[in-house]
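Below, each structure is written out as structure tokens.
There are two complexes below, and they share chain A, which is joined by chain B in the first and by chain C in the second.
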Partner chain A sequence: MTELQDTARRLLDEGEVKVVIGWEEGRRGVRPVFVTSAADCDRLVFDTRCVHNLATFLNPRRSQVASLGKAALVVKGCDAKAVAGLLREAQIERDGVVLIGVRCGGVVGSPVAPDAPALTAETVASRCFACDVREPGLVDVLVGDAQPEPPGSGTLDERIAALDALGPDERFAFWTNELSRCTQCYACRQACPLCYCERCIVEKTEPQWIETSPHPRGNFAWHLTRAQHLAGRCVGCGECERACPVGIPLALINRKLQQVVLELYDYTVSDDPAVPAPIGAYATDDTQDFIK
Partner chain B sequence: MSDTKKKKSASSKAATPVTDAAVAGTASTADGSVVAAQVADASEPLALGEARFLTSEALGWLVEGLAAAGTPAVAPAWAGDAGRAAGGVGDAPETEYRVVSGAAELALGERLPRLSLKQFFLPPTEVLFSYKRNGADIELTPAQAARDTVVLGARPCDVAALPIVDKVMNWDYADELWNARRAATTVFSLSCKVEDDSCFCSAVFLGPAALKGSDGRLTPVDGGYLVEAFTDKGAAFVAAHADAFADLPDASANSAQAEQFRAAARERVAGNLQVDHGRLRDWLDHHFDDPFWASLGPRCNGCGVCASVCPTCHCFDIVDEPESVGSGVRRRNWDTCQTCVFTLHASGHNPRGDQNARYRQRIEHKFLAYPLKFGDVLCTGCGRCSRACPTGQDMAEILTAIDARAAEDAS
Partner chain C sequence: MADFEPRITAFVCNWCTYTGADLAGTSRLHMASNVRIIRLPCTGRIDHMFIVKAFERGADGVIVSGCHPADCHYTAGNYHARRRFGVFRELLSFLGIDPKRVTFSWVSASEGGKWADVVNSTVERVRTMGPFDSYHGLVGAASPADDPFASFETPAGATGDSAAAPASHTGGAS
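This part shows the complex of A and B:
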């Protein structure tokens, strides 16, 4: 912790950045914080409750953040993967942000707890099982102690396997029930570090591609489109699902996409921005099975 | 989380969708009348003779009887879904208001329902009318009529929101759909135990047993609920289902226990927030450009989850959706001032150009604009906005911070 606070203090003191974006202890667990003064750097924390993906704050359309000036961002593995996505897709400049990497051995499901819970098979966020980044590589400074692999097993993959084992009708019934609660509030989109479009497709009206009414037709159109747009880009941070006010298990969709992209393109999202995503690369050996 | 509850949750029927048929109102039958008790939190129980007793078992078969009779009964219920996959937002099983049909679904007094009761009066989406072109003529079909509905065991903060939103819905026009649903619905609240430290009903002129908007109230006592009716609608419901409502086993002891429950809850919530609304309003009125607002915007995702879960946020968008060539529907859907496009002009100009301005709007509408116009606040202190915010925006903390600035200005 001291190492993190000292690094932030130095960056602000030396004028290298104007704001350090990290986590602080709030009244209800931890939350993102924007530290603009070296004197406030002792507010910065990092522990198992730091679930938020801070790369969302680098979205250049968030002018209220950009106006604070050049930022240093505290990144764990999934944040670094999202920053790499923004670089890969030319949304930000590498020298426009300082990345303070923190070693991460997994996080819990919710940031709301008075103290950092110990990571166990019960408390660990299920997405951490699919993450192999204990030490982010896309960093300017790296802090924190070496971390063990997250505990737990592939409960997420087990749930997907159970869904895959269903017939199409049963699977459709499952998603019909889950998506019936969607109010199309788009909290999933707003929490996503890779949903940075100036004008989301759901907001386009000439023509209107997706019905904004939260009825089954509109909800399926929205979630299917969002899934397609995130295939091979989603970093699996699970923030969309956490943001959802009605508990739609969006992580099942995201994890399934990761599996499909791995199978079809032998690609896993990493924090190396030099490796192109399948959507942005051409390879002569790309599978063409889908062309009938 | 108990295993029993989890099983109940998993095995209960899927959530009954809020269909238009279940809750839609009609232009033709709406008379604009709104029956709502405008009473403050009563510390004095009603005369003992008027209180009835509803055992937990009787509540179960009351709900089953209503379902069998085709009367929608809305109550807090275990969430009928598969559960979050990436990790939950809390350990306790989630609950939701929905039309219930069986005792096993009921989750009265458990975790606060995810969305407020608002969805049964202003649904996330509803048909205003449908149209069909027949040659040169256009045939219009109005929305379906509101159905008689009863709400059992809603939180007082959710119920109090109804008369608060009534004022908006009957200001520059009478919203026939809203009013028809209000008139067709009988609402029994449930004295609240107080959820957690995000609750602040007592700081917005209410309390955990507030009567505002309630036709009747349930208060937990040994073996069930002490039931009081405050309006003709509430009394009529109790009379119509007299077999479910018994005499209190021990009127004096039961009433004392109910009052003890309410008093403990009042004490629990009182420390969560205390603000002086007069000086807070004055401060808001004179600090449109205060640097304070720039401290709130950066953290905000601009998702408007706060508005989705809010019992008093009532903004909507109207869309026309073609169903095929020459026919379609006009719908209204929830909207929120927290999104960028809410105020985006066709010219490209946006008068609320960033999240600092949008968050200021949220606070100023609730604690300045609405109070100046309608003399109340557009907030019932349910705390859902704080709990649901993915980035930890905290309404009680923000109001405390503004009140402190207001106190400084006043001194």
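This part shows the complex of A and C:
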């Protein structure tokens, strides 16, 4: 903890950055914080409640953040993959941000808790299963003690397998029920570090591709599009699902597409921005079993 | 169900499949008349939203067809489309939309016969699957005024069995 605070203090003191984006203790668990003065650096914390993917604040279109000046960002393994995604897609420049990596052994499902809960198979966030990153790559400074593997089992993959085992009609009924709660508030989009378009397709009205009335048909169009636009890009940080006010299991869809791009195109999202994403690249011998 | 006529929307590439469909017509091949063709510059131009929109507006099935690999007029459009639709097909399936309602095919400008096969097999498959009521019914019943296919319906009094009628808007036999 002091290592993190000292690093932030040094970066601000030396004038290398104008703001450090990390987590602080709030009234209801931890919350993101923007530290602009070295004196405030002792507010920074990192523990199992630090679930937020702060890479979303690097979106250059978030002008209120960009106007603070060059930022240092505290990143976990999944957050570093999101930063790599922004670099890969030329949204930010590597020199434009300082990354403080924290060694992470998994986080809990919700940041709302009085003190850091111990990770158990029950409390660990579903995204942390099969997470292969204890030490985030791509970073300028790495802090924190070595961490063990997160506990838990493949809940997400098991739920996907259970859905896959159903027939199309049952799956359709499942998703119609889930998506019927969607109000198209777009919290999933706002929380996502990789949903950064200046103008989202859902806001285009001529032609209007996605019906914005929150009925199941418009909701299907929205969630199909959101998922397709994130295929091969999603880092699996699970922020969309956590941000969803009506509890739609969006992580199932994102995780499923991670499985699909792995199976079809042998692609796993990484923290190496030089590896091209599968959509937008191609191989002449790609699978085409589904094409007559 | 017995007299169900599937409504199929086909998104085809201008350079290969559209020309192939034209050839099917000028060759007077018999094929089902359930398919409405929308011509696009390239399969790479076919967004997944086109498929979703077709289902929203009442299609029971969709055909996506373009140039064979290595034949793309724009060099690589079909390769990009192949990746996107490989993923999108799995996504549809996961959300419970049977991917058998969507046919992907490569039909070159010289393959009029293959186009007729693609059309006939898709129409027959979707006919067996029945109307896509589950998707169309997501928002009440569609009003006839909203139905862009309404003007394509066989007029009352004309031959009741349009599948058996040889005419096709892609050319057609007489």
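Rule of thumb we're sticking to: the second predicted complex is superposed on the first by the 290 of 292 C-alpha atoms of A that agree within 3 Å, B and C clash if a C-alpha of one lies under 4 Å from a C-alpha of the other, contacts with A are read in each partner's own complex, and residues count from 1 in each chain.
Just so it is clear, a contact is a pair of C-beta atoms (placed from the backbone, for glycine too) under 8 Å apart; a residue touches a chain by one contact, two chains touch by 3 or more.
Quick caveat, the model's predicted, so the values are computed rather than measured.
By the document's definition of touching, of the two partners only chain B reaches A:Ala191; chain C does not. Once the two complexes are laid over each other on the shared chain, residue contacts for A:Leu44 go to neither chain B nor chain C. Shared-chain residue A:Val261: touches chain C; no touch with chain B. Contact with chain C, but none with chain B, is seen for A:Gln288 once the two complexes are overlaid on the shared chain. Once the two complexes are overlaid on the shared chain, A:Phe174 sits against chain B and chain C alike. Of the two partners chain B and chain C, it is B that touches the larger number of chain A residues. In the superposition on chain A, contact of A:Thr212 is made with chain B only, not with chain C. Once the two complexes are laid over each other on the shared chain, residue contacts for A:Leu99 go to neither chain B nor chain C.
In the superposed model, A:Ala221 makes contact with chain C only, not with chain B. In the superposition on chain A, the residues of chain A touched by chain B in one structure and by chain C in the other are 174, 211, 215, 218. Within the complex, the chain A residues that touch chain B are 26-34, 51-52, 56-57, 61-65, 67-68, 108-112, 124-127, 156, 159, 174, 177-178, 180-181, 183-187, 189-191, 203, 211-215, 218, 238-239, 241-252, 255. On chain A, the positions that touch chain C within their shared complex are 160, 163-164, 168-176, 201, 209-211, 215-218, 220-221, 223-225, 227-228, 231-232, 253, 256-257, 260-261, 264-265, 278-284, 286-288, 290-292. For chain B in complex with chain A, the touching residues are 14-15, 17, 79-90, 94, 96, 114-115, 124-125, 197-198, 294, 297-305, 307-309, 317, 319, 321, 331, 333-334, 336, 339-341, 353-356, 386-388, 390-392, 394, 396-397.
Within the complex formed with chain A, the residues of chain C that make contact are 48-49, 52-53, 56, 69-70, 76, 79-80, 82-99, 103-106, 118, 134-135, 138-139.
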